[in-house]
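In the two complexes below, chain A is the common chain; its partner is chain B in one and chain C in the other.
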Partner chain A sequence: MLTILFDGVAYGMLLFILACGLTVTLGLMNFINLAHGAFAMAGGYVTVVMMNRYGISFYWCLPAAFIASALIGLVLERTLYQWLYQVSHLDQVLFSIGIVFMAVAATDYFMGGQQQLINLPPELSGRMDVFGVGVGRYRLFTIVVCAALALALQLILSKTRFGSRLRAAVDDRRVAMGLGINVPLVFALTFAFGSGLAGLGGAMGAEILGLDPNFPLKFMIYFLIVVSVGGTSTVSGPFLAAMLLGIADVAGKYYVPAIGPFVIYALMIVMLIVRPNGLFSRGSR
Partner chain B sequence: MITRRTLMTVAGFAFSAVVALPATAQEVVKIGLVLPMTGPFASTGRQVEAGVKAYIALNGESVAGKKIEVVLRDDAGVADQTRRIAQELVVNDGVKLLMGFGLTPLAMSVAPVLNQAKVPAIITSATTSAIMPQSQYFVRTSMAGPQSAVPVATWAVQNNLKRVVTLVSDYGPGIDIEKGFTNQFKKDGGTIVEAVRVPLANPDFAPFLQRVRDSKPDAVFVFVPSGVGSLFMKQFVERGLAEAGIKLIGTGDITDDDLLNGIGPAAKGVITGHFYSALHDSPENKAFVEQMKKANKGMRPNFMSVGGYDAMHLAYESLKKTNGATDGAKLVDVMKGMSWTSPRGPITIDPDTRDIVQDIYMREVKEVNGELYNVEFATYPKIKDPNAAAK
Partner chain C sequence: MVATSSSTAAASRAAKLMKRRSRVRFYEIIVWIAAIAAFFVLPSKMLILTEIAILALFAVSLDLVLGFAGIVSLGHTAFFGLGAYIAGLVALHYVAEPVVGLLVAGIGAGLLGFVTSFLILRGSDLTRLMTTLGIGLMMAEMANQMAWLTGGADGLSGFSLGPILGLFEFDLFGKTGYVYCLVVLFVGTMLMRRLAFSPFGLSLKAIKANPMRAGMIAIPARKRIVTVYTIAAVFAGMAGALLAQTTSFVSPDVLAFHRSADVLLVLTIGGTGYLYGGIFGAVLFTLVKDWLSIVTPQYWMFYIGLILVVLVLVGRDRLARWVEYLPERLSKSKEEGR
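What follows is the complex of A and B.
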C-alpha cells in the first residue's frame, strides 16, 4: 500500500518536473508550446549520449541536460518563438506541433528509432526497506531532486526580483516595458529555464518512462493534463495536480488493472467539471 | 488548350508504355518490401531490410534466370498506408511478390489487395494467428502466434515453476501469447495465479510489477514488444522481484538481440523461449551474422532480420521451382511444404496453413566474450501454431 503511494509520488514528481516548464510558458507567457516534450527529449538524449558514448557520470549528465535544453530553448526562443507571442493561439499550436514532428524525425534520423537505455550508478539502482516499506532508490532520488526543484521554483517566482519582473511583464507587457523592465530578456530567460527543466525531467525520466523519438508525442497528453487540471497561474497548482495524477495512475493500475489506464482521464474530466480553471485558479481570465 | 483528344492520346501513350514495360524488362522480377522504416517500429523495419539485403549479398541478385529487384517502401506503421502502398506496388510497379508487414494490423490491411490481385505476400514480422486465414496468398516466415510461448510453459512446469503470473501487453499478439501459454501451462498441471494485461502505450510498469510481487508467484511469464521490453527488464530488477524469489520467464522479445547489451547485467539469467538467437551454433547462422555485421556497422541480427532473410530464401526457392514463372497461385503452391535450414535452424512452411513450423529453443542470457547473448540450452522441435491447431 505505502509502496504504491511512494511509486505514485515519484511518478507524479517526474510529471511535475516535465510539465512545470509548460506551466511557465503557458500560464505566465501565455504561449501554447506543444513542443515542450521535444525539449524534454533533448535532455534525455543528451544524457544517453554522454553516458553511453563518453562514459560520463550520471550526476554530471543531469545539469548538462538542463543546460543543453535551456540553450536550445534560448536559441529557439530568440529565433522563432519570439515572433509568435502576439499571434493567435491556433497559430502557436500549429507552429509548435510542427516543431514536434521535426524533432521526432530528426531524432529518429540521428539516433535511430530504438528505445534508449541508460545504466544508473549502482548506488541508485535496486531498492531498500524504509520502515518496512519497499522503496526504489532511484525513485527516492527522483522525489528528493524534484521536491527541491519545486520549492526553489516557487521561491524564485514569489520572492525574487526576477519573479516579480516576470509577473509584471506577463500582467501588462506595455506598462512593464515603460517601467524599464527588459521584457524580451525576461521572457527569453524564462523560456530557457522552462525548457531546461523539461530537459532535466527527460534525463531523469529516461529510466522510468523510457526514451525514444516519439517521446514528445507520447507524453504531450500527460503534460497537458497536468497543466489543465493544475491551472496555469501558480506553481503549486500543477504540482498538486501532478501528484494527484501520479498517485491515481499508479494506484488505479495496481488495484484495478483492467481499467487502470482510464483512471487518469476520468479524474481529469471530473476535475475539469468541478474546477474548470484549475485547482488554484485566480478566477477566470 | 488541352482537348479531350489530346488527353486521350496522352493516356493512350501512357497505357501502351505500361503494357510495353514487361516485354522490354522481361528478366526483372520485382519484389515489394513494405516495412515501417520510420515511426515507433522503425527498428523492426531496419532489421528486416538488413536481413533481406544480407540474403541478396550472400546469394546473388538473380535466380532462375531472372534478376531480382527489391522495391522498399515505408508505411510508417500505419495500416491504411500499408494498404495504399501495397496497391500501388502491385498496380503501378508490377510487383510480383510482396514482403514485410511489421505489425498485425498492417498485414491484415493488405489481405483484400492480395485476394484481388492474386499476389503472394510473405510476412516477415507480424505474428498473430488471425492473419493467416485472411488470404490464401499469405505465407509466413516470422513466427506463428504463440509458438514461442508453448515450450516455455512446458519447461516451467518441468522446472518446478508451478504458480505463475502472466503479464502481457494488451493487444493482439499479447493476448495470443497469453492464451497459448496459459492453455499449455494448465494442461501440464501449472496454476495461473493472475493474468495481468498492460496497456500497450504504458510509460511506467511500476504498479503492474508491484502487483506481481504482491501475489508471490514462482515466476512471472512476460510478453511485451521488444522496445518497451528492455525498459520492463530494468524495472523488474529495480523492484527487486528477483530477490523476492520470482523468476522472470518469457518469449524472446524481452531479450531482443538488438537491445540485449543495452539492458546490461540486469538481463543475466533470464530464461526465454524463442526461435532465433544470434549465437545459434550453425554454419548458416555464422555466415548470416557475419554478413549482417559487415553490412550494418556491426549491428547484431535479431529475430526480425532472420524473418526477412528467410522470406528472401522462400522467394528465391519458389522462383527456382516455377522456373521463374511469377503466377501468384503457383508461387504459393510451391511454397507450401517447403523445408530448409535457416540461420535459426530447420524450418518448414506448413502446407495446410502456409504458416511457419519451427524449432523453439529455451535460452538463458549469459555473458559470452564480453557481450550478452541468449545461450540456447534446450530445443523443442517442430512447434506449430497452437491456436490454429485447436480449430
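What follows is the complex of A and C.
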C-alpha cells in the first residue's frame, strides 16, 4: 500500500518535471504544443546514446540531456515556433502533430524501434527498507531530484527578476513589452528551459516510463492532463495534478488492472467538466 | 407599414442569399462525374478508390464539426472506430446484410456523439481538445481490453457480408464495394450539404465566429453544437462501418490516434468550411500516402509530419484558396457562395 503510494509519488514527480515546460508554453504563450514529448524523448535518447555507446556516467548524462533538449528547444523556438504564437489553435495542433510524427519516424530511423534500456549505476538500483516499506532506490532518487527542481522552479518564478518578468509577460504581453521587457527573449529562454526540463525528465524516466520512438505519442495525453487539470497559472497546480495523476495511475493499474487506463481518463474528463479552467485556476479568463 | 415592407424585403433578401449559398456549383458536378468515371476507367484501382471514398465521408463529417461549428476535435476517430466495431459485430452475430449494419453503426456512433457532445460544450479550445482526445483514447483502450467482444489486439475478423439489400454480392475486385461506398458517400454528403447550407449551417458559422454575439441574436449555441456533433458522429460511424464491411476486418487501428490526425490533415489539405474539402483532401492524401508508403514503407510518417509542418508554416488559408486560382468561370461561382 505505502509502496504503491511511494511509486505513485515518484511517477507523479517525473510527470511534473516532464510536463512543467508545457505548462509554460501553454499557459504563457497560449501555444498548444503537442510535441512537448518529443523534447523529452530527445533527452532520453541522449542519455541512452551517451551511456550505452560511450560509457559515460549516468550523473553526467542528466545535465547533458537537459542541455541538449534545451538547445533543440531554443533552435526550434527561434526558427519555427515563434511564428506561430498568433495563429489559430487548430494550426498549432496540426503543426505540433507534424513535429511529433517527424520525431517519431526520425527516431525510428536512427535508433530503431525497440525499447531502449539503460543500466543504472549500482547504488541506484535495487530496493531498500525504510520503516518496513519497500522503497526503490532509483525512485527515491527521482523524488529527491524532482522535488528539488520543483522547489527551485517555484523560487525562480516567485523570487528572481527573470521570474517576475515572466509572470508579467504571462499576465499581459503588451504591457510587459511596453515596460521594456524583452518578451520574445523571455519566451525563448523559457521555452528552452521547459524543453530542457522535459529532456531531463525523459532521461530520468527512461527507467520508469520506458523509452521507444512512440514515447511522444504515448505520453502526450499525460502531459496534457497535468497541464489542463493543474491549470497554467501556478507551479503548484500542475505539481499537485501530476502527483494526483501519478498516484491514481499507479494505484489504478495495480488494483484494477482491467480498467486501469480508464481511471485517469475518467478522472480527467470529470475534472474538466467540474473545473474547465483547471483545478487551481485563478478563475475564468 | 414601412417596417413590415422593409422586413419582408429583408426576408426575401435573406431567402435569396440562402438560395445562392446552397446552389449546386460546377465543381461539385465534376467531382461526382469523376467519381463515377473512375469506376470505369480504373477497374484495377477499386480498393484505393474505396479507401478514398471512406476517408472522404469521414473527413466531410469532421468538416461539419470543425469547419462549420469550429470545434477542434482530436477524437473524431472514436466514432469511426465505434461504427466499424458495431458493423463488424452486427455482421458477425446478427445480420449479414450490410445496409442494416451501416444504419446500426450510424445510430450507435450517433448515440456516443450525443452523450459526449455535452462534454465539449464547456471550456476553451484546449479543454475540448483534451476531452475529445480523452474520449478517443478511452475508446481505443476499451476496444483493447474487451477482447471477448472485440478480439482485442488481434482485431475482429471471421465475419462475411451478404449481398447488399439482398441483391448485390461483394465481388473479389471490390467493384461492388466501391459503388456501395460511393453511394453512401454521395447520400451522406448531400444530406450534410443540405444541413450545412441551411439557416442551421449559417447559425453554426455564427457560433464559430463569435459565440457570445451568436447568443445575443438568439442562436441557441449549446443546442446547435449538440445537434451538429451528433450528426457528424453518425456519419463518422457510417464511414467506419463502410471500412469494416468492405474489408471484412476490424483492426484496433481504427481507433488509433493517428487516424484523428490523418483526418485533420485531410481537411487541412482540402480546406474547411465547404464540405468538399474533405473529398478533395481525401483524394490527395490517399494518393500521397500510397505513394509514400511505396517509397519509404517504414518512414512515411516522417513525410506526413513534414507536410503538416510545411502546410501550417506556409499558411493553411492560402492553400485552401487554391480554388480561386482556377479559371474565371469556375471560381466565380465559388466566390458568390462565400
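Assume the second predicted complex is superposed on the first by the 285 of 285 C-alpha atoms of A that agree within 3 Å, B and C clash if a C-alpha of one lies under 4 Å from a C-alpha of the other, contacts with A are read in each partner's own complex, and residues count from 1 in each chain.
What we mean here is this: contacts are C-beta pairs under 8 Å (C-beta built on N, C-alpha and C of every residue); 3 or more make two chains touch, one makes a residue touch a chain.
Because the structure is a prediction, the values reported are computed rather than measured.
Visitor: Touch test for A:89: chain B only (first), chain C only (second), both, or neither?
Guide: second
Visitor: Applying the document's definition of touch, where does A:101 land relative to chain B and chain C: first, second, both, or neither?
Guide: second
Visitor: Mind working out whether A:209 is in touch with chain B, chain C, both or neither, as first, second, both or neither?
Guide: The answer is first: A:209 touches chain B but not chain C.
Visitor: Shared contact residues on chain A, chain B side and chain C side combined as an intersection?
Guide: 105, 108, 258, 261
Visitor: Please output the residues of chain A touching chain B within their complex, sorted ascending.
Guide: On the chain A side, the touching residues are 3-4, 7, 11, 105, 108, 112-117, 119, 125-127, 134, 136, 138, 207-210, 212-214, 218-219, 222, 249-254, 257-258, 260-261.
Visitor: Applying the document's contact rule, which stretches of chain B touch chain A when the two form their complex?
Guide: 38-43, 46, 196-199, 201-204, 206-208, 210-211, 227-228, 230-231, 234-235, 237-240, 258-259, 262-264
Visitor: Write out the stretch or stretches of chain C touching chain A in their complex.
Guide: It comes out as residues 66, 72, 74, 119, 122-127, 129-131, 133-135, 137-138, 141-142, 145, 257-258, 261, 264-265, 268, 298-302, 304-309, 311-313, 316.
Visitor: Tell me, which parts of chain A touch chain C in their complex?
Guide: Against chain C, chain A makes touches at 26, 32, 80, 83-84, 87, 89-95, 97-106, 108-109, 217, 221, 224-225, 228, 258-259, 261-262, 265-266, 268-269, 272-273, 276-277.
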